[in-house]
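Below is one structure; the comments refer to it alone.
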Amino acid sequence: MREHEQHEHIDGRHDRNDPAADAKLREGSMDLAAVRAKLQSKTGKQYWRTLEELAGDPEFEELLHREFPRQAPSEWEDSVDRRDFLKLMAASLTFAGLSGCGRTPEQYVVPYVKQPEGMVLGKPQFYATVMPFGADAIGLLVESHEGRPTKIEGNPDHPSSLGATNVFAQASVLNLYDPDRAQTVTKFGEIQTWSLFVDSAQAIAAEMKAANGAGFRMLTGIVTSPTLAAQIQSLLTLFPQAKWHQWEPAVGDGTREGAKLAFGSYLNTVYRPEKADVILSLDSDFLGSGPGHIRYAREFSRRRKLNGPTDTMNRLYVVEPTPSVTGATADHRLPLRASEVELFARALAAKLGLGGSAAIPPDAEKWLDAIAKDLQNHKGASLLVAGEQQPAEVHALVHAINATLGNVGTTLYYTEPVEAHPANHLESLRELCADIDAGKVETLLILGGNPVYNAPHDFDFASKIKFDEKKNRKPVKNTIHVSSHFDETAELCDWHVAESHYLETWGDARAFDGTVSVIQPLIAPLYHTHSAREALAAFGDKPGVSDYEVLRDRLKAANPSADFEKFWRKTLNDGLVAGSAFAPASANLKFSVASLVAAKTTPADDIEFLFRPDPCVYDGRFANNGWLQELPKPVTKLTWDNAALISPKTAEKLQLAHNVAWRGGEHGKIYSNVIDIALSNSKVTAAAWRLPGQADGVVVLPLGYGRKKAGYTGTNKGFNAYAVRTSDALWTASAPTSAIKKTGDDYPLACTQYHFSMEGRQILATGTLEEYRRNPNFANEHAELPPKELSLYKGEAEFPYNREKWAMAIDLNKCNGCNACVVACQSENNIPVVGKDQVMRGREMHWIRIDRYYEKAKSATNDPSSYDESLFNPPTFFQPVPCQQCENAPCEQVCPVGATAHSAEGLNDMTYNRCIGTRYCSNNCPYKVRRFNFLRFQDWETPQLKLLRNPEVTVRSRGVMEKCTYCVQRINNARIESEKLNAPIRDGAIVTACEQACPTEAIIFGNANDKESRVAKLKAQQRNYSLLGELNSRPRTTYLAAVRNPNPELESA
Amino acid sequence: MHLHRSHIYGVMGEFGDPEELIHAVQKIREAGYRRLDAYAPFPVEGLSEALGLKRNLVPAITLLGGLGGGLTGFLFQVWANVSSYPINIGGRPLNSWPAFIPVTFELTILGASLAAVFGMLALNGLPQPHHPVFNVHRFSHASSDRFFVCIESRDPKFHLADTARFLQSLHAHHVSEVSDD
Amino acid sequence: MAQIFHRSTNFIARFSVFSTLFLVGVALVAVLAVARSPYMTRQNISREQPVQFSHKHHVGDDGIDCRYCHTGVETSAVAGIPPTKTCMNCHSVLFNNAAYLEPIRESYRSDKSIQWVKVHRLADFVYFNHSIHVNKGVGCSSCHGQINQMPLVFQAHTLLMQWCVECHRNPEQVLRPKDQVFNMDWKAPDNQAEIGAKLREEYKIRTTAELTSCSTCHR
Amino acid sequence: MSAGQPPFDSPEIRRLTPVIGPGYTYGSVTDKISAIVLTRPTSLGWYVGFLIAFSLMGMLTVAVGWLIIKGVGIWGINIPIGWGFAIVNFVWWIGIGHAGTLISAILFLLNQKWRTSINRFAEAMTLFAVACAGIFPLIHTGRPWMAFYMFPYPSTMGLWPQFRSPLIWDVFAVSTYGTVSLMFWFVGLIPDLATLRDRAVKTPMKIIYGMLSMGWRGSARHWYRYQSAYLLLAGLATPLVLSVHSVISFDFSIAIVPGWHTTIFPPYFVAGAIYSGFAMVLTIAIPLRKVYGLEDFITMRHLDNMAKVMLATGLIVAYGYFMEFFMSSYSGNKFDVFLVQQRLHGPYAPFYYALILCNILLPQLLWSFKMRHNVAVLFIMSIVVNIGMWLERFVIVVISLTRDFVPSAWGRYSPTFWDWATFIGTMGMFVTLIFLFVRVLPAISIAEMRELVAETSEDEK
């Protein structure tokens, strides 16, 4: 990367009205190199004495302890620094009537010295790469502005993404620019050079060689990268005695072991939901998480598509202990405790004549019959999916049942494992710990991962690498940790190697179906970071080799072709090696249901504790990502914290309550009781959250929080569930009710939507397939649209929108609330993170929010005051709400300065630099989709975050209203390009960020005037309705009613 | 003679209450004096009639002010919205005249009020901090509890001695000459 | 009672009343004027540059086409300031040891960019796209003035929103035949009005309403 | 007096409660009133009171300063409650600012003698209230330096304000109201300034009052034009004062927010304004007459009449509340119905009940002659009504916003330290100005009092 023109592109756009911004911009004339230099010399943040302190503000104490992510600099934390003085001066100047004359000083243009080939200044470039994630790799197209990756999109040609993305992929670009990343090699916390590390690695290797590598251990997570695997193998041949251990905290061994149990060998299962008419998920969130879930979600949603009343839909049954995205989408959802799910599986197997037997709860019985019948009626077109956290037995049973139903080869197929080295991770880690205790381990190389934080607590991994006071020695002589952050584990290791982000390195990974995908860097490492492979190579025989060469060599070897360069270019262009997906493998069952040992069950009145990866921070690796921390979790709508999720009934029993705070209230701050959970002779203190739809007697402890050394954003958020997670109860622990004790304290949780009742209003139209067939227009019958004559300006000509008429249709039948659109929007539109405190005040900035409603819920919220039966297993629906772009926009009429007005294409424009911040528009917006910069939420200081900004979108400053613009920057660019060719803008040429990210194709944008456009066709459907249409605001964004396809048998009962 | 006159502004008589004043004024006018003025601590009913004041421009000026303010207000709004920079605001017609009424109304009032006040001041020739009548020692009571009438030297019938005597005859409590320097 | 004020105060009082009104008026006008003045807009102010590059020489005398250096102008939002390489294309041979070109050579040697002073500046919330204007027959000189006569470039127009909108309202006044776009000496012919109208048809230029929508320039 | 209540406006009451104490001459009223300003030594009490008020005003400046540094985020507002204390206080102050002009203008046109002794400080109070109100629209964006976008000036952007927005109407209504009230007040002051000029002892005083009085000399010709101008102003101020609060009410009734979008607002806002205005006049008049011994000028007759006006306007307001219920249930608009229910059962219900108590129930005591003639009761009542009217604005602005159309977006509001600091600060500012006013200007119109003397003396003849 080199200097280049238009430094504003780096600084991001800013609100002229903010002198602070101007000041920043002036200093900001920097280029990548400069920024990098700055970063590498960076020595942490300086703090300032705050004005509250001086002014003796009563809230001062509170303010001191306020949590603010670095991405959203605390408004309170550095109060009277230079910026604020500038602002104050500017203000006083203005009062003196002078600031009008204050002209901004010179700006400079910094062109390249030698401009890179093929780069056109001001035009973004897109590169294909993949993000490795567990046993999958998500294919991506990354947008780059003058060498800065700014936006992640899905790669349409990649099997695992098909052009869509998930929250993790979207947010991963923020990880790249995370100011808290480890920035260099350290030894005992002291900064070291890379070469020094390589030397000592070589020294260690030399010792090791003598002992044939005895005592040399490597610990990794799941590895799907053929290159990395090959390299590890070569090390293992170099050091025959060395061992490779694996530990992936949030992925169960059940999947692997289940296959082994069923087929005698590790096999990978690939589903084809598109081909299934009836799907039964046994505690599996296959639409929301796990390998291939993006693709599965899309395939599934294609079977939920309705063009008219005659169309058919698939049917989804979900049996699960705690509500998931998949469960919320289900036509029938049966809450069962995790242990009962296994019983259910056994009972189902028995019903389908596979032998065995199990006693299941009585109310599940009629379910069983109905499902069994439904499955049998759809042999070969049905699909059973077992949850990652379910034990091997359940997986084995599911394999067996799928086989008997003849689904193998139609709705699913088996392949050789995607993991380079499938193994039982728990055992692998147990072995490592045992060996360390036995003093067999000399050198431990930890590649990625954070075992000190996330290993089962009975292993007490910290003690395995920490200096042992008693014995006065270290259990392991050399410990090397390679990771992106200087985290809990890094702290205890001798060496820490700062790991490069996947956008900074060459590499490869296999997708869920085995497709070999290429990781291609978009930017040279921002800091002195290195890839895991490089770190590993330091111990090998040729340390110097670059990732690039290694990758090319391996590909050359694996794909002998006449013209390798051609192949290489194509591979880079596609982001994958064509045709490298695994072929279906034959799998024959080697097990009988009868042979299964009796399932281990939880006593009826015991509480079942479940450990689940968090939908936002996963296993904790995203803890320092502000976007994900502030992202409302799909079902609970909690941000910035995890909470112990408890069913209303159980909560009732334990007398656990919430109450709504006065500041923020339903839309922000909820006080919930704090509980002590004593589990497997350990204890954790958590906030309790009553979660409708959760199985009774189940407490879910989401993993990934309570980090002690995550970084500015992620440290000390929520509670650490790993603290009570033991090797013998990795996913399900059980204990008597007495394990839970109320501490009597309350803890404020930031919940963006506490109120889940529609109050009898038709906000989210829903119906069943029969209803739809009987009355296709059901969605439009509640509200009558006012006739056009009812107008003060009757007879006045309406504004014609002759050319383009931008509009959006959101199919509620497809949306599963996965949140991808929310993060995509945040990334595309430079939306700031505001921090927990501000979310609790109801000031989060997301331009598109996903409302979650419980249909038929009698009570409005789930605090004990209003709580009833309807919350035990409420039908759940999601509704994405961006700006509705009303034609009769109520917001526009009340703006005193015309800062929001209509464009000739019917867009509800928001002109930030005209806005003076009266907030009248927001008051008058019936949908409350407008967002206001109550404080200076944007971070104008942190240089990394400037690199992140999308130069196509103005960066808003304090006191300015903002909202969804239908990604007007994309519209304008597409319009300009088509205008140059004098060609009409074709349908699909403009894709909004939310639409592009959506795995289920629920959001469609286009020109409503073009009868052939997808959006026009959708709007022509009878399911199409306007939100609050009776207000005559005439929204351009409309919704298609959600239709569920329940099984009549279960409905009748 | 002429020189001598220029030093005299007029002759002033002082009276105890409104009735005396009005009576005096009537007498003075009957006597044919025209250039005279009366001074009172508050508006005395019937005094203006006695002085024969008729023309009053204030209402006319006020009306003009009001019309001016209102018309400019309305026309400006229409111009700004329809021709200066037409913008589609919430689908409302460019000339949404009903929405322009409030501002028009306020500006009408503003124009009228300004006209009324400044018109009045202008017609009264205020500000005028210096005035010959202030030379009269007892005139400070004119703003408290005494009533004065002043026959000005400009009056063709004016003759210092005679006029003074004439005032005496009207039972003025004091009669004093009003010098003009 | 004695006079408090001298006779003259009558005049002073009235005079001061009127003069205050007058001064207030003047002040208001002044503020509005300053906002439009070259002091604020930097109109017609040429700047010192690290290398006193003369457009007059290169464009006027040598007749180098704009696009030789400003490569992005037809395809991208930004016309682009040329990299040092572009200068060296010629100056590695011509005047290759002229002292005043040392900064160029230095930059090329040390691989450090030259920091040019930005002359044409738009606020950061304005999204101007060169390519669309050039492709729709708006010539360089319409906005930049006669660069070919500027030894040091200065800003020929105010670049105030008023000025932009003026043209977006009726583009006819500046539209030229495509082949004239890069002609610095182009002058509007007498029948520009009708030619402009014809060209507007031909170029399929959008309606004024569309061109003056907020989001046309602000995002 | 007799236990039986005399009828509302009987000769008996007139006798019992004259508009001015007996035995006053032109001279004595002049002396008594001008003495307060000119000769009377400034009491310690004045200094203490002023100091307290002034320090509160200091708090206002701190609060505003901090606001400018930080932005409106220091307040309790959020999405959905975009307007909080700032607007509540704005409407409240503006409402209070209605009494003065109303008394001077409408009562003048209706030729009510009893107005004379209260109109002067009522007008002053109006100005100060409007000043306090004016602060809020300016600061409630957190960026006051951007406010000039709201004025129609020829900008370099070629843009104009958006005249369909009630906020722009506010700008014109409030500024017009401020200007006209100021002129009305000053025109009324001119003759009294002349009086002070003539009675002042110290030369600087003479000069200052001399300049302000512009050389007024009580010429009959001047009085002639003066009276017609004053009458015209009164005639203009009357529709103006009615329009201002109607326009303020448009801020709400033009919007579509349930609880705002209703046609009853203009009349009942105006009534409410007068209600709170008279309450504030009482709150000030009662201590004032006590401290400066003006019982003979501000007699029980005045207090009694003001109490009656409060009673009347209070009932109109009550009618307004009732209509809100009626219209919502009559129209059957589900959002309105729900909102009204919210007022009764929602989280903010206590505020609504407090409002009903203060604005409707307690004031009914004023039906009783005894109560109307009990100064202490009247004083307390005036305070109660002030509180009630503030609550009304809180209920309208905040409660309506907490629960509008889309349930997922519902929220709550609670003020922060800075909200309170700003609010109390403006009170400090108001009182400070009042203190200064009574110290340097005649709190009662001397000239008009002389007229009154003249008229009453005629009555006796």
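Worth a mention:
Letters are used for the chains, namely A, B, C and D, taken in the order the chains are written, and counting of residues starts over at 1 for each.
The rule is simple: a contact is a pair of C-beta atoms (placed from the backbone, for glycine too) under 8 Å apart; a residue touches a chain by one contact, two chains touch by 3 or more.
These numbers were taken from a predicted model, which means no experiment stands behind them.
Interface comparison, B-C versus A-D: the higher number of contacting C-beta pairs is recorded for A-D. Each chain gets a centre from its C-alpha atoms; the one nearest the centre of all protein C-alpha atoms is A. A separation of 56 Å divides the Cα centre of chain A from that of chain D. Centre to centre, using the average C-alpha position, chain B and chain D are separated by 31 Å.
In terms of their C-alpha centroids, the spacing between chain A and chain C amounts to 46 Å. Residues of chain A found to touch two or more other chains are 890, 893, 895, 898, 901-904, 914.
Contact with two or more other chains is made by residues 157-162, 164, 166, 168, 197-198, 210-211, 214-215 of chain D. Listed for chain B are residues 85, 87-90, 92, 96, 127-130, 134, 139-140, each touching two or more other chains.
By the touch criterion given at the top, residues 18, 37-44, 47-48, 51, 53, 56, 58-59, 62, 66, 76-77, 80-81, 84-85, 89-90, 92, 96, 99-100, 102-103, 105-107, 109-110, 112-114, 116-117, 119-121, 123-124, 126-131, 133-134, 139-145 of chain B touch chain D in their complex. For chain D in complex with chain B, the touching residues are 25-27, 30, 152, 158-164, 166, 168-169, 172-173, 176, 179-180, 183-184, 187, 191, 194-195, 197-199, 210-211, 214-229, 232-233, 236-237, 239-240, 243, 247, 250, 447-448, 450-451, 454. Residues 31, 34-35, 39-40, 42, 47, 71-72, 75-78, 80-85, 107-108, 111-118, 121, 123-125, 127, 129, 131-132, 135-136, 203-204, 206-207, 209-210, 213-216, 218-219 of chain C are the ones that touch chain A when the two sit in their complex. For chain B in complex with chain A, the touching residues are 87-93, 96, 98.
Taken together, the chain A residues at the contact with chain C in this complex read 2-3, 5-6, 8, 11, 13-16, 25, 29, 31, 97, 100-101, 103, 106-115, 120-123, 803, 901-905, 907, 909, 911-914, 952-954, 965, 968-969, 971-972, 976, 979-980, 982.
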